[in-house]
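So the structure is just underneath, and the comments pick up after that.
Chain nomenclature is as follows: A, B, C, D and E, assigned in order of appearance, with residue numbering initiated at 1 for each chain independently.
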Amino acid sequence: MATLSEGRLAVAMFEEPAALKPWHVKLRDMARKQPVGVAGAIIVVLMVLMAIFADIVTPYDPLLNSYEYMLAPPDGNYIFGTDMLGRDVYSRIVYGARTALFVGFASAAVGGILGLILGVSSAYFGGLFDLIFQRVMDVFMAFPLVIMALAVVSILGTGTENVILAIIVPFVPRCARVVRSSALQIREIPYIDAAKACGFGHARIILRHMAPNVMAPFLIMITAFVGQAILTEASLSYLGLGVQEPTPAWGLMLQGGAEEFAESAPWVAVFPGLAITLAVFGFNLFGDALRDVLDPRLRSSQ
Amino acid sequence: MNDIATSHRGTVSDDVLISVDGLKMHFPVTEGVVLRRVVAHVKAVDGINFEIRRGETLGLVGESGCGKTTTGRCILQLERPTAGSILFEGRELSGLKGDELRAIRRRIQVIFQDPYSSLNPRLKIGEIIGEPIRVHGLIPDKAKRDQRVRELLAVCGLNPAFADRYPHEMSGGQRQRVGIARALGLEPDFIVCDEAVSALDVSIQAQVINLLEDLRDEFDLTYLFISHDLSVVRHICHRVAVMYLGKMVELAETDELFDNPKHPYTRALLEAVPIPDPVIEQARAHQIIKGEIPSPINPPSGCVFHPRCDIVVEGCPKAVPAFREVKPGHWVACTEV
Amino acid sequence: MALLEIDELKTQFFTSAGTVLAVDGISYTVEEGETVAVVGESGCGKSVSALSILRLVADPPGRIVGGRIGFMGRNLLELSDREIREVRGRHIGIIFQEPMTSLNPVLSIGTQLTETVVHHLGYSEQKAASRALELMEMVGISDPPRRLEQYPHHLSGGMRQRVMIAMALACEPKLIIADEPTTALDVTIQAQILELMKNLTRELGVAMIIITHNLGVVARYADRVNVMYAGKIIETGTAEDVYHRPRHPYTLALLNSVPRVDQQRSAKLDPVEGQPPDLTRLDGSCSFRPRCRFAQEECAQAFPELAYVGDGHRAACFRSQEIAAGLEQVA
Amino acid sequence: SAEEPKQGGVLRIVVGSKIPSYDGHRESTFGMIHPIRPFYSLLIRVNPDDPQSSNFICDLCEGDVPTATNDGKTYTFKIRQGAEFHDGTPLTAHDIVATYNKIVFPPEGILSNRVSRFAMVEKISAPDDFTVQFDLKYASPGFMPMVATPFNFVYAKKDLERVDPEGKDPQYGMKWHQNNINGTGAFSFVEHQPGSHVLGKRHEKYHHEGKPYLDGFKAISAPKMSVRIQAIRGGRADIEFRGFPPKSRDDLVKALGDDITVQESAWNCTFGYAGNQTKPLFQDKRVRQAMTLALDRWGASNYLSKIAIVKTVGGLALPGHPLATDEATLKTYYGYWPDIEKSREKARELLKEAGAEGASFKIWNRAVDQPYKVVGTWMLDQWKQVGLNVEQVVVPTGPWYAGLRDPDAFDVAIWPSCQSVVNPIVDAGAWISKERAADNRGYYTDPVLDEWYDQMNREGDPAKQAELYRKFEKRVLHDEAHFGQVLWWHKINPHRSFVKGWKIAPSHYLNQSLDQVWLDVPDEERKQRTMDELGG
Amino acid sequence: MYKYVIKRLLLLIPTLFGAAVLVFLLLRAVPGDVCQLRLGGGGEWIDPVALEQCKIQLGLNDPLHLQLVDFLASFFTFNFGESMWTGRPVAFEIGLRFELSLQIAIMATLVSIIVAIPLGTISAIKQNTWIDYLVRTISIAGIAIPSFWLGIIIILGLLITTQAWTGTPWMPPIDYRPLWEDPGYNLSMLIWPAVATGYRYSAVATRMTRSALLEVLREDYVRTARAKGLLEKMIINRHALRNSLLPVVTIIGIEFAFLMGGLVVTEQVFNLNGIGKLFVESVTNQDYVMTQSLVMLVVTIFVLVNLVVDILYAVLDPRIRYS
């Protein structure tokens, strides 16, 4: 009965689905609906560009000490002034963006992916695995960050990679928990049953069918977490547990003297502080808007 | 048997494809966080028997929560039944593992109720239909597989160009066709249609019903057609089983069941369905069944229907009525018929 | 004078995808004590037209852009916010589709039931409580005092819908709008609820607009039927007229596409092929034209008037006369 | 001076470190000296009127500080009569003997932090109730400075002999002072809120006539430098005794003008580094010499002193001390040449010779700003300028110390050493062979140094001693360049101008009895302070 | 309900046990020990004999597994031992600081609730208007500003402005007096850190209130309430807010638990003698006993606060019943 399908086809052919909007129109729509989020996105993009083209946009080597210009106030030469070793604050902030973004993205990516896989698996398998996993996560969630950071830093030494590790450890359970709760809902949706009914293996279902579907909460989490990681890095550096001199890093710039002469040489403390605030601000604005856009429960009815 | 295989419902052969015997599915109700104690059971399916013959469409009707979906899921091996056996071509399904299970899964497919949630929103239509074909190694070659996907789309009345679309770019009816195409891709023998048309608008619903019928004839399929819509069931099924609270209360050939219902519940059910004809409706005496469906955790004793039954007798709360054949091919679980 | 007179009501949604003409100039009246049904496919504007009566359409993105809704001598669309609030719940009650989500999960049934009478009629707490008891009995809920203290999640779907009915009736309104009151319920419960609503409206002389896509429900309960398609009413008349003498091809097709539980299967269904139109992309032509097997040149030019085809029976089709004359010839 | 001290009031001190226990004999941090020292007296102490000199005067002894008899092997102290402990017990020579016996010969299980440094002591005895006699095994110029160490709080014999009321701990008395305070100091203990403050009030029976001037003192714990600075500025504290960075001094003066008085002094803390000689790179003398040559000490003395608490260029002994090397000699040592360009040229040359151009190593530094991280970062920059490839590893204090003890852990260690009483001879013990000096951070063995050190310690004649010291120093800094002395610390104490009577010492451990301090504020304010802190 | 509470409390045991083992191992993995720090922390020369003595006394030379058993035994018998740094009982040391930490946590919570709920509500009601943008910007800024930096700015701001206005610079007290002894002094000290942390905290809660309310405002029952002709005020207060409070309560709870143990940086900036400062000190001092006890305290608080939140859930939402 080949004619049969042909016949049906004839009917169906003219059904044209609603036209898809080109991306620039979508972008414009988003800009109109989420002006705040777009502002955040702009900040983030500027930061990324700044980090990538740091060599081009900075007048000085961020590591260059010039003892004749120690704590020079902002002027034509040094637009944000110099720090106590005579290094250009502006250049250090620009290069600091590299550190901040590296720490932020790396820890969000690594921690996020780990949390994603753990969270989805936990939800998917359920049962005893889930139960034990949950208890372990409880411990990690309740465990204070300082101890964790201090231990990691003391055991492995300071430095960017270890700071990332110290930030990841508490992030994984948080991420896993958020992912798990969405994944629990996803697990109940028929397309997962459909995948099972098609005879797919566990790994395929977890990675291909479940994980991509918790992307919305995951991405929201991740963007917010990039901001948080930057902030945590700054706080750790401020406590002396983070990135180390002479690496240009924002938290580090606020530490060690910046505070003591915050009044007579405010530029040393103000600009890095603003940089941190602005960066975290940007990521959070962006993440917030992303939440409004991606989270179907919050999507304004249209 | 061939006498029921009226021309417009397709042909039914004599050999039994699926046979369900004494199927029970009790979901434990647990309490406690660490030591999960089982405090009760939801008796979702509580001992049902039926057979489906090759080429046949068996309707499974009943109100919400009576265990229709659970029955379907047990056959699909998505749940591990508490008791009972499910034979597919005479082979026991429960207990199958690994490759054997995968092989069986290819032959038993499912179409879900909700066209919105049964398609993975992250995958393109082409991937949704093509992936199972690839995983089961039916068509390893990518180009040929794509060709097959297009064919399947066409067979289901969809534009083959839809392969590059995402589910959200399609209407509900179109998505339901994609779900059907996915199931067909594995060249199954048997398809569980769990409320496959309930979520669709009347006009779209009719399109899909026709499609299902056409496919049944074209590919020699067997359906378990789960629905709460009695009119649709009457239209498409060869035989119909009525469930109530995890039990089967009546099973008969379609027209026999609808024209000559025996069980008081079946009768009440039919009574409750409004008929789209004001004249007939005006003439109908509306005997509305009283009460609500009891909880499957604590089903009533004896005949589970007795608290709502209008012909209840003394013995009803005491003994579980046997599911017996009152007429050839007409089974009822009631002592009073 | 009719209780409710809707005249050329237009409600639109302004979205990024374009303007949705959800309700595109519908007119109908509801007499006192009468039950009027609105049927049509999903998305054709049934709910929006009902919400528009009480001006409950979310703004943004929705807005009532034109028309008139006369109710007890006043145009509801011209009332101030305070005045329309007095109409809501007080003179017009409304029952929604989803009994599961339409009740506030954290407030007791009693609170939700009494707040309307306290608010609108200024009842004291005691008086309100006894009114609540009365209402609960009226809608057939057993053991009302206990039920009043319970929360929605303690109740089954049917019970909740009874509570919704009680709430709608609390201030003895003149009109009740029921938006698919039983779609989410089982057939047996659906029958119970519909029967209850019918009896109550008869007893209390309340008019009712019942919105549904179930043609059987309409046949059983409605005095008059409005068939909607793509934001417009395309056929209206008594139930018998519409079911037995359909004059619009859509109504006709709709009736043909439902299987019947009371008749043996005779042939395959005859569905309306194609999809409903996109409400953002309507041109001035007949919106059913792409799916219509009677379509002809003329249909692309303008939308046909809702014209009389019989006593109190109107249809919006250029070929309704021919359809009446005999379907075979036309097709 | 001409000013007449005024009686009364409470002095508020901010302290940047924590109190481990009240027992000075076992502790070594200024965090307990500043709040606890005022409760105790010493046998002898640095002259509070001239703390810069290396002169000691009697505290609990009477008359002049005794000189050695018996070929320098016996010291006899006359003990002051009428001194009284806060609990009313009169002080006798037996208390002193019991105290020093605990410090020098602690019983098994009792910690004393200075046992090894008192190695020359043979016996301590009390010929009568008011005489104490120290018999030494050999004459040692390091002895009297050790006696004057400000941690040697004098305890009452009866307290040291206390028995455990529960009868469990036989050494109860010896440990009693860890958690209890009973001294003869200018102030008696009122309260200690751990982590917050220590409060003391005037000891009426104090043995120095008319002192103390204050009604009490309050030592408030404030671990953060910026808080301490702001506290002085915002009137929450009057003085801090450890030292502020130069920039903060300038800020305070700018903000408060005449209300702030600044005292400054060279500080008896070296700041240096050592290459770990278990690692091949630093076994080459030329590399070590190149490293010291690369440091621009004279320049740094100018500019680093504007931001860090280091300033003085010097050798192994605190500049100003009789044993310190004169500047001319110093300028001939590697790394002290006045012409830094020439010096760096030489450094590059030596590195080339040693085949260590562009060598890489890491500085093992402590996570403390002042002066560690500031100077460490500067050193890194200096070494980079001669082509070395340097990184810095900064770790918290605990792991830092642990790392210093593990020769596998680090390449180049920051090696500071802070001592209380200026005592270059004894302190030189840090730079002898690793087998003898547990805190040798260069992990080198140098028998020559060991020999000279021993000679120096037993040498009675100051001239010969100085000669030995010079040889020792030249070998450490120049010939072998085992140790790189960078800059001496510089102590800056800005305080409220109304705090009078306190004079800066070359160590933050010294001159902390507070008995000379008084407040030059109106009478009502002094009363008010007493009311506020001590409640009338 | 009480059964549920007991069950939850029992559940604390595995969590605490896990945390105990974790902290134990982490601490021992850090090189160095408390003795070196005590004896040589000032940079002074350390007597090796004394060092060994100290280690023996504190049991640091015992085999690890014995130390672990000791620690677990002491912990689960509520005998927490003495601080390795000060020798005083851990319970006493923590007790001293607890009051201050609790007071700040409560004050900050009050500040945040007072700010967050009205702001979040307004922001949700006026979604996508300039008020909403403003509130969101302010609240996101609260999350973005590093708390230590904010602290520094507050203190400096106080110093500078008071000097400009009164001539004498003023800063908040740096030593603690209990509220009932000297309320003026106490508040003038603690209000600043409470505001500094409360701002961040309220920012989090504001965002949560807003999004939760937005979600609830789209619920069917809000439409039902509108259809009843209720006043908008009643709809928000009675129907919407209570439902949206649930996630807000969670956030407030989590933040409260966090404040109780984690005000590490703020306590430093304002020189507060609280748990956070003790934490950092004991960690840097490598005071195992103290650190272990503090971790257990923080974990316990975390778990208990979570329990309280869950109970509050049941109070706010009748659908949730624990049995």
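Convention: a residue touches a chain if its C-beta (ideal position, glycine included) is under 8 Å from a C-beta of that chain, and two chains touch if they have at least 3 such contacts.
Small disclaimer: the values here were computed from a predicted structure and weren't measured.
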Co-neighbours of subunit D and subunit A - touch as defined: E
Of C-E and A-E, whichever chain pair has more C-beta contact pairs: A-E
Subunit A and subunit B, separation of their C-alpha mean positions in angstrom: 46
Inter-chain centre distance, subunit B versus subunit E - centres from mean C-alpha coordinates, in Å: 54
Subunit D and subunit E: spacing of chain centres that average the CA atoms, whole Å: 38
Numbers and ranges of subunit E residues touching at least 2 other chains: 14, 30-32, 152, 156, 159, 284
Overlap residues in subunit D, where contacts from two or more other chains coincide: 224, 226, 255, 396, 398-399
Where subunit A touches two or more other chains at once, by residue number: 11, 15, 18, 33, 150, 154, 259, 262-263, 300-301
Subunit D residues touching subunit A - in the complex, by the definition given at the top: 224-226, 229, 245, 247-248, 250-251, 254-255, 299, 303-304, 306-307, 367-370, 373-374, 376-378, 380-381, 392-396, 398-399
Touch list for subunit A against partner subunit B, complex: 1, 4-6, 8-9, 11-13, 15, 17-18, 20, 131, 189-191, 193-200, 204, 209, 212-213, 215
Subunit D contact footprint on subunit E (complex, rising order): 30-34, 36-50, 53-54, 57, 85-88, 93, 96-97, 152, 155-156, 158-159, 162-163, 168-171, 173-176, 268-271, 273, 277-278, 281, 284-286
List of subunit A residues in touch with subunit E within their complex: 33, 35-36, 135-136, 138-139, 141-148, 150-151, 154-155, 227, 231, 234-235, 238-239, 251, 254, 259, 262-263, 269, 273, 276-281, 284-285, 288, 291, 297-298, 300-301
Residue numbers on subunit B that touch subunit C, as the complex places them: 8-9, 63-64, 171, 173-174, 201-207, 209-210, 213, 228, 230-232, 234-236, 254-255, 258-259, 268-281, 286, 288-290, 292-293
